[in-house]
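Presented sequentially are two complexes of chain A, the first with chain B as partner and the second with chain C.
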Partner chain A sequence: MPRAGATNSRHDRDEARTRRAPVRIDVEELGKSYGDFAALDNISLTVRPGELLALLGPSGSGKTTLLRAIAGLTATEEGTIRFDGEDATSLSLRERRVGFVFQQYALFRHMTVFDNVAFGLRVRPRDERPRPGEIARRVRRLLELVQLQGLETRFPSQISGGQRQRVALARALAIEPTVLLLDEPFGALDAKVRKELRRWLRELHTETGLTTIFVTHDQEEALELADRVVIMRAGRIEQIGTPAEIYDEPATPYVCEFLGGVARFDCTAKDGEAEILGGLFPVGNGDGDYSGPALAYVRAHEIAVVSREQAEGVPALIRAVRPFGPAITVELSIEGHHDRIEVSVPRELHDGGEIAVGQGVFVRATSARIFPKD
Partner chain B sequence: MQIDESRAVKAALIATSFLFLGLVLILPLASVFTEAFRRGAEPFFAALIERDALSAIYLTLFVAAIAVPANLVFGLVASWAIAKFEFPGKSFLVTLIDLPFSVSPVISGLVYILLFGSYGLFGPWLIENGIQIVFAVPGIVLATIFVTFPFVARQLIPLMEQQGTGDEEAALSLGASGFQTFRKVTLPNVKWALLYGVLLCNARAMGEFGAVSVISGHIRGKTNTMPLHVEILYNEYNFVAAFAVASLLAFLALVTLVLKSLLEWRYGGELAASGRH
Partner chain C sequence: MTVLSLPKRSPSVLPGFGLTMGLTLTWLSLIILIPLAGVFIKSAGLGWDAFLALATDARTVAALKLSFGAALAAAAINAVFGLLVAWVLVRYDFPGRRIVDAAIDLPFALPTAVAGLALTALYAPNGWIGSLIEPLGLKIAYTSAGVVVALVFIGLPFVVRTVQPVLADFDKELEEAAATLGATRFQTISRIVFPALMPPLLTGFALAFARGVGEYGSIIFIAGNIPYRSEIAPLLIVIRLEEFNYAGATAIAAVMLVISFALLLVINLLQAWNRRRIGFTG
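Let's turn to the complex of A and B:
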């Protein structure tokens, strides 16, 4: 897979350095509704200059609407969007100069790759338009940046999905955008190409230094790629944080469930603590002395399987074993808990003959996140 | 055995299709040309350069030259509105566009008589101001536009709906103006469908009989189009002349057909691809 900038000349890098500083985006109390449905409900958010930000959420959570609102493609009823402090809601699409990469790329099918990338330069008003030679130079440089040299004369229908994606990116970068916005950039690609392009996009972001926002419904993609992740739900922001913060300290039950890979337990908290699978864990972030019904989330690797002799934690019955990979996944049923839970156990335990279908074991949680149940 | 059987079925189906088309389409069409040349080439060309015939040819071309561009613009505007925007009354508009297809052409002519005839809604006002629409060229143009307006829109709407607004948004976000977006993105995306619609529209505009017959008044040398001229000649038992003009009309239709096939053959891939991405 291409590496962004691997073949860039020194000249290009010098030019990149002299480019203007990355833009800061402030979204203030943004609201947008379609009839009774609130697509965006009082959204406030600051995107730091040069940041790579992910908008993560299921479909209908408002993430694409927010991205389109920032781009100026969708009008909003309430709130303001500022680019470096300047109110962008009053600017036209042309004045905003947002590089937008569409989910289906929206490449112009009747134009070659070259003409697609050159489009944004050619439609500029006469006095701002670069000369044809300069346009050709810039287009070639961009195609080099996205590793598509030699495909200039192809039409979009003649190149692969991953290549189209990169043409769309080059086309968006051609207008020297203030910010770069990507709508489900890898949504239409197969798994292998996705992974490669992901790393490549990260490198490209380092190279361009642009404030970049991308929308995704894939939590792995967001956590792996972004500097910070915004988790959205029903037009609202559920949590903002770095991937580590989101993963280690999910703010709400919704975030826990959206990130997936967790077992959910109903439990009862007493004085800010709740017992779950033989362990005592604090409610929320340790503050307060909440007593009452609560929800606990335990990740698969946070459950330890103990042999019968040790008899620690809660008795469980092994229902299925998936003996491959670095850790073995075991499906267990626990008395009083109707869902089966998945647990990862080290290989040695399995090889030692302790893990077999139908065998009784004990499980104990080593960590858990507990939320008061409303 | 089974393969032989299906082969026989296949042959029978193909033969039936060709036989039917031959009987219903090709034979009559060929007879038009043979009738036209029954007495040789001289009477044929004489019938075409005769004063009334020339006037009918001229009028037909004149009407098409107005109706086709008018429907081109209307078709583009309507399909743009229908395909790219949501608005109340949209499905009603789509139904309206189909109206000329479902209504008998005679009625299409009659409505203009009812509107603009001397006893019609606007009749008195028109007479007072000395404007003649019915039994005159403006009426013929109006009736032709009415009958042919679905062709362009019908070709464009499904294609534009399928293409969505993504390309236009991309162009705008890249800094293009509304007009640049239309000229450089929207129009090229639909150009083949548009040309196709224009060809069909033109064929019908030149060949329309019913609506034009009602509203024209059949004034020789003045409000006769080619199809009307053919009818008049035929009713006067002037068969050679009637078939000569008819063969010219048929020839124009064949040219249209050939152009359409050429388009499909040359740009078939693009015509199909313009829907996909």
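Let's turn to the complex of A and C:
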């Protein structure tokens, strides 16, 4: 009887582990430098339990370093990382139980898919290691979860890139991780597979409920997939927010430019307002009475094209027309503005014959973000 | 008339097979096959009974046993310590690393007779090391142990130089992946790193072994060359030649060739099996 009791409690403990409430991660004043180069510069961040968070930034912005620091793969010089309040910097990798998916997957190529997924269970200390039958059961369940049933005996060299990606995920999930960290999870895949896996990862996250952080340089991926997005630049956090917040209220010129699809204008602000393309807009950042040089960002769909008769806004010349898709993209040049700007116009306007190369029109901004120029 | 006519030969993606294969065979014949065939033709002239008598002669058998036994033992020792040296050279940065790295190749460059003399001076009963171990009842110079010591010296670079580049290219992420999955350092090395090093290690072992079987110059100084005890097969061949016993010399040579070829073939098959096992085709 005591034996049965012991197995029971062990079973319960395992079950409890899988169903444990998602973990909250607190990063406090984290710093890391390589020589003179600050890879992480005073980073503070809270990842909410069960959240799907994206670290977005160009290469060299420190996003991967931050992810590796949270995993415990990179040692940091300053600051702390807490998992549910517990200082993780003092924990070993084994104790952290972090599910980490590497950009190039880092599958063990001398092992089959099954052995790869089972690795994390087989290396556990003897008294924590599940029995072979139990390991097999769990591996099968995980392969089912990542939709790779029937590939157990294949080697990594015998499966496709998307399948390798999912093996790497199943392997990371096998250790019943406290958090799931993914480094550029779709970086090495082609566009179609990326799209599929993106939706699938979203579903998987809902299913597991794990606190998940992923790194990406693709703004579309981050905005589409994540609950919140952290935009990084040169080792610092530029902005944290939901995709809607980031898109609608970019905090800095850098965020505007990184998200892309914007036209940039130099302008002058007066008493907290600036005129751009025939519209008057407030300076952002709560700088209510800023006067001086400023930068304006206007998205392609925030510029209205009006016919010459109406004569609102500023005159522009149509340079090129790309007449396909739900809205037509028109390239315009505006006097006094060096770059051509791209504008989306409704189809009707084009079909009405207003839009043609070489034609003069007027453009007017319907919305814009103004930042003081440093 | 016939619109569809199949080409006589399906053209290969890589052109020039006929030319390169022809050159390869000619070259191999000139350099390796013809000289070796000569050995067999010469010994075939003996007749089967005479050949068998020469090959199974007690002194010959003792010499062959020593040559192959010592070469295997030395290759095994080199596999262990060569791996260690390669590991240290690749994984750690320390002052003088480049110098140590360069020193590894010295056994390649040094005339083997010089190596033999140096080792003998060191391990002889009145040498630095020999005088230390003699009170313990151990003797290296002028015994079969001396042969192994000389072959360890000669064979070390083979293992280091085959393992080193593979270890240097080893993806660090694989070790990190193992660590995040909860593997201890020992588990990571034994289950992840070591399997990747197996093929080069086996190649290094084979090279060190082959070199050891054929080694002559360094051994004859340290071994003492006592018949039946510390006399190697290559030396016995030279002795037979000096006795103008060409048939005897080629008989030993033929036996050496067959055993060497068989062992190297086994190692190569092992490599191929290992490659297939980890999912490489071709």
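In this text, the second predicted complex is superposed on the first by the 353 of 374 C-alpha atoms of A that agree within 3 Å, B and C clash if a C-alpha of one lies under 4 Å from a C-alpha of the other, contacts with A are read in each partner's own complex, and residues count from 1 in each chain.
Note that a residue touches a chain if its C-beta (ideal position, glycine included) is under 8 Å from a C-beta of that chain, and two chains touch if they have at least 3 such contacts.
What you are looking at is a predicted structure, and each value in this text was computed from that prediction instead of being measured.
**Q** Check chain A with both chain B and chain C modelled on it and let me know: fit or clash.
**A** Because the two structures are overlaid on the shared chain, the partners are seen to clash.
**Q** Check whether A:97 is in contact with chain B, with chain C, with both or with neither, and answer first, second, both or neither.
**A** Both: A:97 reaches chain B and chain C.
**Q** Between chain B (first) and chain C (second), which, if any, makes contact with A:332: first, second, both or neither?
**A** After superposing on A, A:332 lies clear of both chain B and chain C.
**Q** Can A:110 be said to touch chain B (first), chain C (second), both, or neither?
**A** both
**Q** Once chain A of both complexes is superposed, is A:171 in touch with chain B (first), chain C (second), both, or neither?
**A** both
**Q** Which partner chains sit in contact with A:158 here, chain B, chain C, both or neither? Use first/second/both/neither.
**A** After superposition on chain A, A:158 lies in contact with chain C alone.
**Q** Taking the stated contact definition, name every residue in chain A that is touched by chain B in one complex and by chain C in the other, in rising order.
**A** In chain A, residues 71-73, 93-94, 97-100, 102, 104, 106, 108-110, 119-120, 123-124, 156-157, 171-172, 174-175 are touched by chain B and also by chain C.
**Q** In the complex formed with chain B, which residues of chain A make contact?
**A** Interface residues on chain A, with respect to chain B: 71-73, 93-94, 97-100, 102, 104-110, 119-120, 123-124, 156-157, 171-172, 174-175.
**Q** Mind listing the chain B positions that touch chain A in their complex?
**A** My answer: residues 166-167, 169-177, 180, 184-185, 188-189, 273-274, 276-277.
**Q** Taking the complex as given, what residues does chain C use to touch chain A?
**A** Residues of chain C touching chain A: 171, 173-174, 176-184, 187, 191-192, 195-196, 277-280.
**Q** Of all residues in chain A, which touch chain C in the complex?
**A** Of all residues in chain A, those touching chain C are 71-73, 93-94, 96-100, 102, 104, 106, 108-110, 119-120, 123-124, 154-158, 171-172, 174-175.
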